[in-house]
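This report concerns only the one structure given below.
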Amino acid sequence: MDNELTAENRRKLKEISTASVTTALFKRGLRNTYMQGPQRINPDAPRLVGEAYTLRYIPSREDLDTIDVFEDRTHPQRQGVEDIPEGHVMVIDARGDRSAASAGGILLSRMMVRGVAGVVTDGGFRDSGEIAEMNFSAYHVGPSAPTNLIKHRAIALNDPIACGGVGVYPGDIIMGDADGVVCIPAHLANKIAEEVFEMTAFEDFVQERVLAGHSTFGLYPPTDPQTKTDFAEWRKSNNR
Amino acid sequence: MDNELTAENRRKLKEISTASVTTALFKRGLRNTYMQGPQRINPDAPRLVGEAYTLRYIPSREDLDTIDVFEDRTHPQRQGVEDIPEGHVMVIDARGDRSAASAGGILLSRMMVRGVAGVVTDGGFRDSGEIAEMNFSAYHVGPSAPTNLIKHRAIALNDPIACGGVGVYPGDIIMGDADGVVCIPAHLANKIAEEVFEMTAFEDFVQERVLAGHSTFGLYPPTDPQTKTDFAEWRKSNNR
Amino acid sequence: MDNELTAENRRKLKEISTASVTTALFKRGLRNTYMQGPQRINPDAPRLVGEAYTLRYIPSREDLDTIDVFEDRTHPQRQGVEDIPEGHVMVIDARGDRSAASAGGILLSRMMVRGVAGVVTDGGFRDSGEIAEMNFSAYHVGPSAPTNLIKHRAIALNDPIACGGVGVYPGDIIMGDADGVVCIPAHLANKIAEEVFEMTAFEDFVQERVLAGHSTFGLYPPTDPQTKTDFAEWRKSNNR
Amino acid sequence: MDNELTAENRRKLKEISTASVTTALFKRGLRNTYMQGPQRINPDAPRLVGEAYTLRYIPSREDLDTIDVFEDRTHPQRQGVEDIPEGHVMVIDARGDRSAASAGGILLSRMMVRGVAGVVTDGGFRDSGEIAEMNFSAYHVGPSAPTNLIKHRAIALNDPIACGGVGVYPGDIIMGDADGVVCIPAHLANKIAEEVFEMTAFEDFVQERVLAGHSTFGLYPPTDPQTKTDFAEWRKSNNR
Amino acid sequence: MDNELTAENRRKLKEISTASVTTALFKRGLRNTYMQGPQRINPDAPRLVGEAYTLRYIPSREDLDTIDVFEDRTHPQRQGVEDIPEGHVMVIDARGDRSAASAGGILLSRMMVRGVAGVVTDGGFRDSGEIAEMNFSAYHVGPSAPTNLIKHRAIALNDPIACGGVGVYPGDIIMGDADGVVCIPAHLANKIAEEVFEMTAFEDFVQERVLAGHSTFGLYPPTDPQTKTDFAEWRKSNNR
Amino acid sequence: MDNELTAENRRKLKEISTASVTTALFKRGLRNTYMQGPQRINPDAPRLVGEAYTLRYIPSREDLDTIDVFEDRTHPQRQGVEDIPEGHVMVIDARGDRSAASAGGILLSRMMVRGVAGVVTDGGFRDSGEIAEMNFSAYHVGPSAPTNLIKHRAIALNDPIACGGVGVYPGDIIMGDADGVVCIPAHLANKIAEEVFEMTAFEDFVQERVLAGHSTFGLYPPTDPQTKTDFAEWRKSNNR
């Protein structure tokens, strides 16, 4: 499919920032692509980049959501953990409710072992102490010990969902870093990756100049023509 | 289907209160059936009772949600208004976001004319001045002028949804009065209607006694055996 | 007790506004006397003035707070309704949680019949449709159908409590109008009643002048000496 | 100035709805023009339309904001009330904080008498019972008794401000109805008034058809060519 | 007393997680035992386990809560710090208000020296930089510099209280880890400790299998009979 | 100017805590000086002390706030970064809205290089991963990737502003540590620095005694005369 993220662009997305990506999306009129709330649990985990695979929760009901629901292999939370393709990101719509867990250490371990790229919820994870030490990209709003049945019923896999106030469609590209998580519409991902990779070279150049004492005027944005000349030279000498 | 609400019980639900219904559901272990947020717009409209027909929104996206989406007859908001069966209640999952409208006067008018029982959103309606004067049961969190495209994309009809923090399944019985809206699981609706209709007779008796100066002790709850005797007599003489 | 509110001052408090009272308390260094949240349910009920009689709630627990707790006559909610003295105001600390009811129509009716001055909660009441038509002063944050056991356990009577972010001590004077509810520390109530009654005469004079087209400069506050002369005359001719 | 609202368009704005205006602004790419929070106090007051005259508050400080600040005629709240031009709307940036009043009955009376079009705050007014009966358009988030000094310091007149999450520049056109308040950028006001006046004729036609039993399909939006023909006839016969 | 936590079970509670405990409590119908908000300040401090000793705050009042209240040895905050028994946990009901401190470094140091097990508030602590380096278990919602008198008045010791939305009775067992704090009703603590200790062995086995590449199906929950056989062997060979 | 902070007192402010400063301000009747929300990003950066230089944001508008606004050297955000004097603190009024960034790594780097003391916002910064490693004092509510144009328009430099619920006037002394940020009115800064420096010596003495096992009674506050004698000796032997 022509929307498919190329290997090259997947690599580029791992070297650029969510901040820069939101700027490129803003230039295309997209203002609501950053998820409000989810933050990284483990700073040492790999950078998060992958296709969205969604899991939708609704409020649980006492007569339906008893402890034995998990015995059913078609229960969406349990099935999703086994079905999500390698390299994808599980994105959970927890309605922004972190008063009970979205998932915990065992399910995240299973996804890590299966080669999943990471997991994002606008709720919270339990076992957050262990998760913080896993080599797995996990983003949540904050820890939450209670079993998810107390508030959540997993109702569907791969629906378009809301997560952190952003509309997420299966296959959108999810990307995360220290600032949090951004959702890039699938049809834009390759273009954004390329454009922002270039932008990032320029920003690295600007940052270097600023640290060397240059004023931001004329430099950022590059309204002084000299800036463009300097940048061209910098790229050559820095192989960027 | 054996879950179907009988005409008799539909009538009973129109004469009892959401408050009493939450008590009966609580006695069965159901603690989360009242929607937090939605309130009645028009006190003079008929009492709200009907089967849930759901409409799910996710956050809109600028490139997808342009003004011409409504030209598509399969757009879930527009299709839902034409398809919802007579006597049903449209329940909208607006993610509790009232910063843009869930719908407005024209769509509500169309549903009213089609014989729909009412509409509930955990967001807000526009044209709320007109809606307040329609003979149609509408519940929202508060007015909201902006067109729904600014925040919402209608994504699906008749999914199980969240509304006001409650899980709502298509076919559940939605009931509203001055206190707001309660969702009765479909399989319990007939039993609840019958049980609460009886409870209500007792509460009317209690209220009458209290206004006549009786202490609540022994009367409410009826721990004094005399209360039960008195109630039996009261029912007879009041034809309840 | 010398803090006791005189009959004359109780009458005066019924003729002045919560707004003016907060100003007089502010002049004495008291900045936090207005309850954030509670609003009047029934505008036609008598003005609320009375001594605080408090009821404290904590979160309920499923094993303790079953429907039969009300059979116990020492249950604080039920006992309070029978014990609160005539002319007092029941003030409920619901922790600002209106997701379940603080009380309902029957208990409020009992208090009305017993001569209680009114009731205030920083949560919500059920049966709010009926309460809106009772001749009884009730203030809450908004309607709430669920039985209180779902969230609240009545734990104590006449503790000092929080209500709407204000510290309330039993015996403080509670006063309500269209703006909401203010709590006057018991030891200040007589002085405040007298002082604000005078302030109110001046404000009525100001309002009359303003409606007649006077500038507020020099008038409000009365920095122009003529204002004081005019006010003195106005009082005489208006018997204030 | 060419941005000046014509008398004809001021009249038109009084006959159209904030809902329709947000749609027209959305079509021009403006998504954030409706103030979140402020609601109408008095439904019987005239429709709110007028130029924004702004008043900005910051948090008060105990050593600066004593009761005697009002003796200074240059105090922005007091000066603004005397200086705001006839036909304008005072828009108060209260930082969305309604825990103390933005203003009260006397100042609103003065503005009413001076011919001011109305007042909007994203906080609350005191004396809300009286204001509800004044023939003056006032919008707030809810009542608030405490004197404004407890939380607010009036710091500037006619700064660009935030109100209800919207950027408001002096001279923008403020418009209010039952749904709340919208801010129309000054340079767009004449165009929006004209365009929405036309849109409204069409929506009135649609509403009439819907109440007569027509489906919304083809009618709203008018994808069926017959709709346009019918509308042309309706305008003629209804003089619209 | 037969509710008393045994030394063995106190030790077990230090080796299991709050997450697992909420599941065991959920199985008994207890859904609201995890405190929403409080998080661990110092990850290197000992695991938190101990009996609740409560301290209740209400909003302060300027005329009562002056800096010299602390000179009174019966002031509940100061008395509590000296009276709380060794091994207990001070649980503070700060009404979820972290805008002023619940306590600071000196009082926490005193409790640490006295052998108190830890401290929990649903507000915030001041001196949080120092506390983060103390060998003492402290949980709060976040730092808060202002002296507690600005918002809080310590009003009572060992009342049943609310903390983080949970009802806490003196003597309940408070337990904390990286996910936060759970309150175990006193009468269940021994049973929960034993049951969850067993559950934890199983979860450790599951985690090991998952990391080795096993599917969660049949394993978690152990619907495949082989899982139970494997677990029995694992326990033997791992001495669990 | 006599309000100017002396070099000696600037040094003292770097050795005392925001917690102690709020107490000293409270003793003078100032209760609202601590900013609710902003927290330190980089614990290893220098202690924050400096004069406030303010930057005020209002909500952005799509037609005004396009990506090219930054080309204008008078754009307040960009101009402020170049104009803020050495040793000052940039304080940003972001209306508590962290849904888009207040600024990012490049602008903070420029301020760091220019000798600015630090930066505070009641919103969030982007590039928070890099900022966490800069040798520069930055305080925000949490990370935020989106470009500030999405929500904010920089509108003015050196207005009195609100930040974290506190009124901040240009020239006030801003001070930050692990607990967050406090704003000291300019005219009090020298006195507060001296007074709290003394208070801190006493608190260090108290802390030492408490860690050595002393009761807080008589010691903190020093109601036992022996405490004052002991403290005098401690100062001498510790050169404080």
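As written, the chain order gives the labels A, B, C, D, E and F, with residue 1 at the start of each chain.
Assume a contact is a pair of C-beta atoms (placed from the backbone, for glycine too) under 8 Å apart; a residue touches a chain by one contact, two chains touch by 3 or more.
Computed from a prediction, not measured in an experiment: that's the story for all the values here.
Common neighbours of chain A and chain F under the contact rule above are E.
Set against the Cα centre of chain B, the chain with the most distant centre is F. The pair with more inter-chain C-beta contacts, choosing from A-B and C-D, is C-D. With centres defined by CA atoms alone, the chain at the far end from chain E is D. Rounded to whole angstrom, the centroid-to-centroid distance between chain B and chain F, based on C-alpha atoms, equals 50 Å.
Chain F has its Cα centroid 32 Å from the Cα centroid of chain E.
For chain F, residues that reach two or more other chains under the stated contact definition are 29, 31. Of all possible chain pairs, those that touch are A-B, A-E, A-F, B-C, B-D, C-D, C-E, D-F, E-F.
Within the complex formed with chain D, the chain C residues making contact are 17-19, 21-23, 26-27, 31, 33-34, 36, 39, 43, 177-180, 182, 203, 206-207, 210-211, 213, 215-217, 220-221, 223. Residues 28-32, 58-63, 95, 153, 155-156, 159-162, 165-168, 185 of chain D touch chain F in their complex.
If you check the complex, the residues on chain B that touch chain D are 67-68, 70-71, 73, 78, 81-82, 99, 101, 104-107, 109-110, 113, 126-129, 132, 142-147, 149-150.
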